[in-house]
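Two complexes come next, and they have one chain in common, chain A, joined by chain B in the first and chain C in the second.
Showing the complex of A and B:
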């Protein structure tokens, strides 16, 4: 079983490798986004040493880290699932001897690892040449960040699956997928760290799973969290990983029995 | 003019097709609205921490953003060329277009227009109106005329750049990622350009002049004289870039050989 899924990761990694040229433009696009936010936030700081516990340098690092992390956790599983439901190929997937959703998860993980190695790492290097950012040196912190980033990946893909399988009920959910993407970018703290929202909004955002995708991992590395602060963050992420299984399982069970293959 | 009559016919056809899938139509509408709202939320949250962004107040920045939405909406309604490579080159639809007597670009534009994006003109106006309400603006009688000229200039800048980029497909049928790259540069134009470094300001002014779509004209309308010359240049830059786009399109059409399918 595990060998099969490991194989899925490997194959997806190799598939991505075959089209690696496509990713150079991706690095450029992410760098452009990092640049836009870097200048905006620099103007916002405008000489103020520290806002909401973030120094200007930490803010710049946060922007770079959170975008390059996005390259790792981002995937189009929601779209893939929705398309397969719409064109009916999902029916074939059901009779294959594996768990459809797990295959999607592992494929995306292969994709994520690919982008982490060939996109985020060189991208981060490029960005650190252009913008003044400060990354911690070699040490345990990177392992902590890796754990937190991995949990962020899991939560993101759970949300993607959740939105994707809604296509069983709402047959054309393209708009919903777009909206979800924008909401996740905003509420996960990618464009604005959660600590910068008004207090009431922070309460709401901290009760939602989105901050666990981007904000928490980025804060772990930018603020060099340790001890209870670190375990608190990872604990919240782990909690969401478990909690999100419930709606997915419920919808999935219901959906499989109401599957309508359109024009099969 | 026969072109406008055609546009109207295409528009009617389009609406019929679109309203057949009403849910799509509505969800597209809400998605657009949401992306505009999210950008606005960003500005509002940011101004919770500072009084000025590069010397511009909260409502001035909101005004610039609201203004930007208007040319952007017109552009996305009529120059919806994102899928050009797939639809016209790879699937060979361009061959059909070329057998007809109307200019090929006009046909492509009419076939791929998305007039529902014009809603952005309304949202942009509302956002601008909201900002104006809080700003002590004093407009002369000719400013509304300039406003229209600025908007048209901005649309022409965007249209020229994207038509030029689209015509790359006429030379090579392989997909290029240059459009999303340029799109991301475009977002730089909706904030005050004086917050960027000198190189970026130069690029946004002369190379990919997106500053003429949002910031320069809006700064003039806000009564700031620093960029007045640039604001007045908007229609000129628009004309120049649109001509460049048109030129590269026409050259591309001459060069077009088909994808061989």
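Showing the complex of A and C:
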């Protein structure tokens, strides 16, 4: 079992290497994004010490960390699942003695690790040379961040799977996929930290799973959370990991029984 | 234990019924009408281990739907189904370890990776012990002649090369039952022959049961002693290929090219008393139709030569499986 999943991760590594150009252009796009948001926020701060509890330095660090985290948790598994359902290749997956969704999770994990090691870490180093950001030194905080980031990854992939398997019922869900992408980027705090939303919106966002993908892990490291603040954040993430399993399992069971294979 | 046992196996689909015109399209937005289509209608099928069975039918006859039920992909609407002793849909993960599947139109190899990477992944997926995996794989590589293809990405393979790799893939875990859905589609004659030979070999050596759907009846003639024919979701014939030929083949045709032109009555006289028909095709070419089993070709030819008809060339023709099947679908099946 573990060996099979390890093999799936290895295969994904190989596939990522087969698409090297994507990988290089990814680095460029992420650097540009970090640069653009950095200058935007510098302009907004305009010399002010602190806004909504974030100092300018923390804000710069937040931008760099959240984009580099995105490189880890982001994947196109929603699109892949939807495509496989639409063109019928999902049938091939059903003749294998494994759980299709688990395979997708591990594929994405392989992809995430690939990008974390070969993209985020060197990217972070590069960014820290160009922009004045402040990262904590070696210590427990990185381990706490890793845990929180991992949970963010799990929640993101759960949402992706959820949207992807809706293709069983709505055979063309391209629009839904685009909307989901925008929603996740905006509501997860990637473009604007949750603390910058109006109070009422903060209440709403804190009740949604998206902030647990990006905002919480980034805050853990930027604000150096500890004690109950840290465990509170991780607790919310863990809760979403469990809660999201329910709709996935329900839709998946229904889909398995009503499966129609497209194209003969 | 039977390899495949199905009783009253049925699959129905719900399909949307679109209404006509623009106003119909708007009404469809609000409330859709469904229609139930019965793709497979109460079929009974039993296949013994080691049999090679051809499963044929026109497009839309329900072949693919049956295969998808037998492989556990689709859940039957009703009926009993046991394949290799399992309920394919309910016990899917255990069941699929015992079968191999080749979909001619869909690849199960990883498109961007070298072939051997797919093999290695499948070894882990099926948890095949190393000492069992190595010799078996090596043998398949030799027999299918895919040694040089192993380190190439699948997308660079030709269709024939890919299909040989697909076959190896489907047999990597030594399944006792192999489903082949259009395995020779788009392949040239030589590759087809190789693949047929390979399938005959594994059937003989490992007693692998094979269920084959194809549009190329050559595959079925070469491989299967038994044919199951499907039409509109119903099995209309289940039996051996030769009987199908005998009953629907309309016998044999002898085409004669003679040295000089003969009167038809002259020729007719030679085979007096035999139930054969003559026809003039061209000035020197005549056709004799020899029906069913009442009369043998040598007897007819013996008579013709005895009477001094000067034959230059002779051809013996038999209805191909293709013609027979076309005929059955056109005229409807009346044999049981």
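Details
Methods note: the second predicted complex is superposed on the first by the 259 of 264 C-alpha atoms of A that agree within 3 Å, B and C clash if a C-alpha of one lies under 4 Å from a C-alpha of the other, contacts with A are read in each partner's own complex, and residues count from 1 in each chain.
Keep in mind that, in the parts below, contacts are C-beta pairs under 8 Å (C-beta built on N, C-alpha and C of every residue); 3 or more make two chains touch, one makes a residue touch a chain.
Bear in mind the structure is a predicted one, so any value in this text is a computation, not a measurement.
Look at A:245: by the touch rule set out above, it reaches neither chain B nor chain C. By the document's definition of touching, neither partner reaches A:208: not chain B, not chain C. Of the two partner chains, chain B is the only one touched by A:198; chain C is not.
Touching more residues of chain A than its counterpart among chain B and chain C is B. Of the two partner chains placed around the shared chain by superposition, chain C is the only one that A:89 touches, whereas chain B remains out of contact. Look at A:102: by the touch rule set out above, it reaches neither chain B nor chain C.
In the superposed pair of complexes, A:8 makes contact with chain C only, with no contact to chain B.
With both structures placed on the common chain, the touch criterion links A:32 to chain B but leaves chain C unconnected.
Counting contacts by the rule stated earlier, no residue of chain A appears in both its interface with chain B and its interface with chain C.
Across the interface of their complex, chain C is touched by residues 3-4, 6-8, 11, 14-15, 18-19, 88-89, 91-92, 94-99, 256-257, 259-261, 264 of chain A. Those residues of chain B that touch chain A in the complex are listed here as 21, 23-24, 27-28, 30-31, 34-35, 38, 41-42, 45-46, 48-50, 52-54, 177-178, 180-181, 184-185, 187-188, 191-192, 195-197, 200. Those residues of chain C lying in contact with chain A across their complex are 13, 64, 68, 71-75, 92-94, 96-97, 99, 101, 103, 105-108, 110, 112-113, 117, 120-121, 124-127, 153.
On the chain A side of its complex with chain B, the touching residues are 22, 25-26, 28-29, 32-33, 35-36, 39-40, 42-46, 48, 51-52, 172-176, 178-179, 182-183, 185-186, 191-192, 196-198, 201.
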